[in-house]
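Structures are listed in the sections that come next.
Shared chain: chain A. Partners: chain B in the first complex, chain C in the second.
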Partner chain A sequence: MIGQAPKPRLLARSFWLAWRDLVLELRGRSGLLAAVFFLATVLLILGLALGPAPRQLAQAAPGVLWVALALAGSLLANRAFGLEVEDGTLEQLLLLPGEREWIYFGKLLFQFSLQVSVGLVLLVLTAGLFYLPLAAWPGIILTLVLGSLGYASISTFYAGLLVRLRGREVLLPLLLFPLVVPVVLAAVRATAGLAQGDWSEVGAWWRLLGSFDVIYVTVCALLFPGILEGG
Partner chain B sequence: MERATTLKRSDPWVRLWLGAGFLTLLAGFYFALSAPPDANQGWLVRIMYIHVPTAWVGYLAFFGCLYYSVAYVIRRKEHYDRMAAVSAELGLIFLGLAIFTGSLWGRPTWGVYWTWDPRLTTTAILFVVYVGYFVLRAAIEDPELRAKAAAGVGILGSINVPISYMSVVWWRSLHQIQSINLMTGRVTIAPPMLLALMVNLAAFSLLFIGIARLRGQIALREALLEEEP
Partner chain C sequence: MEALLEARQVSKRYGREWVLRRIELSLKPGGIVALVGPNGSGKTTLLYVLAGLLRPTRGSVLRRGQVGLLSSPPAFYRHFTGEENLLFQLRLSGLEQRRREIPELLARVGLPLGKRVFEYSSGMKKRLGLAQLLLFRPAILLLDEPEAALDAQGQELIEVLLHEQTQSGGGVVLATHDPRWWGRAEACLTLERRR
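Let's look at the complex of A and B:
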């Protein structure tokens, strides 16, 4: 899979790692489909709980979208390293020469792509079921991209941290959710502003999301090799 | 070498820090009780003399946890891991006290024990982050793996401290809401109140250092006990 270049090209490595994981994920299907159906169920339950009044539903829609996406993220995070451990391929990744940040970036790219694609499906579902106005859709998609990057940066890091642990399915959300609250909060606010056509605050929330992304990705990438090393 | 220092009955530094802390606390208690009542809050303002120092020590402890977690990642010494855990433990206790005293103050002042003020919410989130830290520590048997994973959580969690704080600031500037700020008392604070607050801050900080040192030694003994058959 990985090129025979004399010098390791880490960017290409990251890309191919993410590509391989995505191909495996699409061939396996079970994970993604399960996540999407789980989310559809969550949306139905929330719809029932919040009542049938369209105005209330539309007001709750940004929150519903991001809470559902956060739940999906914790399901998807287990996919990041699950197969590596099952197949024993993590050791082979670790044996490759060079620094190990590229493993993080590869997995991040993989998680990010999953998160964004599930997010797009969710966005359509929320627009249909909860009357979320999509007039400002480019802005909402930008919010989705920024929010997913912040979320994925932490979920990938923790997935790698807990990779060999029993009971990680329970630990992961517990560690993950408190840390992503600022990201989810900013994303909800930006989405709500866009949905209501009130642009006054949206730029500030985007800047906030952008700075979260930069900080989290940087720190996680710096820490990751030390945490994973030797396992 | 390590064993010899371990078995020494008591460390003079611990006694020094704790003694100084208790003496300062007595002085702080005196100043707190002799300080005048606040114009708006009346005698309720006295809760501040416990509330602000506990919150301060809570944040200090989480920065201690960050410091020792970074030191562990770089140096890989067990001592740093133990001290990171001790710091986080004390941080949880003091932050819990701060939330408790804060809600006692909030009931008569705001009429509720809890409001969704950004500062309260971010503090509660911070609390949960470090509860997760200890759940993680409890879940891992292997000491080295536990130390590594805990260091990761400790560092990322501490990053949440300033981020949460900044998000509070941004939130306010965005919404322009005149929410009740826990820190407003400090702006218009009268000199005797400031003195009482400062002395109490010093007392809690000294106590924190003393307790952290003592707890670190206990943790070391526990670790040695585990190693020996």
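Let's look at the complex of A and C:
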């Protein structure tokens, strides 16, 4: 039969798109490995610059962790559509039937997975170099998840918006930072509270992060289908 | 009979330059329309507009059915094998249950299993593109220079694809420099090189 119309299933399609991108990213490797190596070097240099005093290092740890995570987000932001640009396959995605929200959710899931994976590596390194207490880890991991979701939602949207432009590597961080500053600030404050064992404000920062996530994901998903159309 | 694809007064402009001007095109079920013209006359742009990948500056395009595009050269994920490329297209279309058709289809177009796309020649990529079209059977086929990079055997595959497509009620728009295909088309649309 000609022209079969497959039933669009948003969740399954988004999952398979993210899975495919992760497999391709791991096979290509270069982008992810370069980012992790660069960020590990940044952490090491910051650790050496701050000196050997454990208390001073522990105080700086939340800021250092989120500086590294913000850099990671900026370095990885182009990966969401980088694979499509490198292989020229964006049209293949656009020709698949149905609305295009699933492309946003698939790319977001991929970007989020990358960011959380790199974040966990950075957390281990920061804990080792900057004396982050082990007891704070579960809370910090939750902060990492909430912060990464907010960051990835915006970076995926802008990566899609700029996918056809030549200067996207330069433009993306410029557009990205003003919008992710509130996410990074809230995440730093929550992480600092957790590292110092002071839970009084942590809940409020988490709620703020959660609110940003809901707003960013909803608005970006609604706007995304329109931005992928060729002019 | 209702047309599968209709372009009404389609014009496309890049910056100040008009690439397409007032194009009228109608593709009937079982029909073939050939786009003819020199390099730079806008054949590929028209195919992209017909596919919905580019928005026309003026005019409109009406599609009644799924669109499949064989671009020149076709694009695939180079770190995947041919079968992985097709498998993920099936998964993204919600048709994973048809994965068993893939090895047979690749054998039909003369492609080996287990080879990644970065090891493919241009002709092999074109064959993989044909396999994708045979797998999905879109109602509207848009082919951009389908004969390019293909050997005689590969061109026979295009003949088969066109035959099967038109016999089953689908339609084909093809951009080509090869006069052999013009005779097969029920209509030829000639595009002029822009100045």
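Of note:
Methods note: the second predicted complex is superposed on the first by the 224 of 231 C-alpha atoms of A that agree within 3 Å, B and C clash if a C-alpha of one lies under 4 Å from a C-alpha of the other, contacts with A are read in each partner's own complex, and residues count from 1 in each chain.
Rule of thumb we're sticking to: contacts are C-beta pairs under 8 Å (C-beta built on N, C-alpha and C of every residue); 3 or more make two chains touch, one makes a residue touch a chain.
These numbers come from a predicted model, not from an experiment.
Legend: residue contacts after superposition of the two complexes on their common chain; A:27 is shown touching chain C, with no touch to chain B.
Touch criterion not met for A:51: it reaches neither chain B nor chain C.
In the superposition on chain A, no contact is made by A:128 with either chain B or chain C. In the superposition on chain A, contact of A:203 is made with neither chain B nor chain C. Of the two partner chains placed by superposition, only chain C is touched by A:87; chain B is not.
By the touch criterion defined above, A:12 reaches chain C but does not reach chain B.
When the two complexes are overlaid on their common chain A, residue A:227 makes contact with chain B while staying clear of chain C.
In the superposition on chain A, A:97 contacts chain C only, with no contact to chain B.
Overlap of the chain B and chain C interfaces on chain A comprises residues 231. Residues 73, 125-126, 128-129, 132, 135-136, 139-140, 145, 148-149, 151-153, 155-157, 159-160, 163-164, 167, 170, 173-175 of chain B are the ones touching chain A in the complex.
Those residues of chain C that touch chain A in the shared complex are 48, 51-55, 65-69, 71, 75-80, 88-89, 91-95, 136-140, 165, 168-170.
If you check the complex, the residues on chain A that touch chain C are 1-9, 12-13, 16-17, 20, 23-24, 27-28, 83, 87-89, 91-97, 229-231. Within the complex formed with chain B, the chain A residues making contact are 154, 157-158, 161-162, 164-167, 171, 174-175, 177-179, 181-182, 185-186, 189, 201, 204-205, 208, 212, 215-216, 219-220, 223, 226-227, 231.
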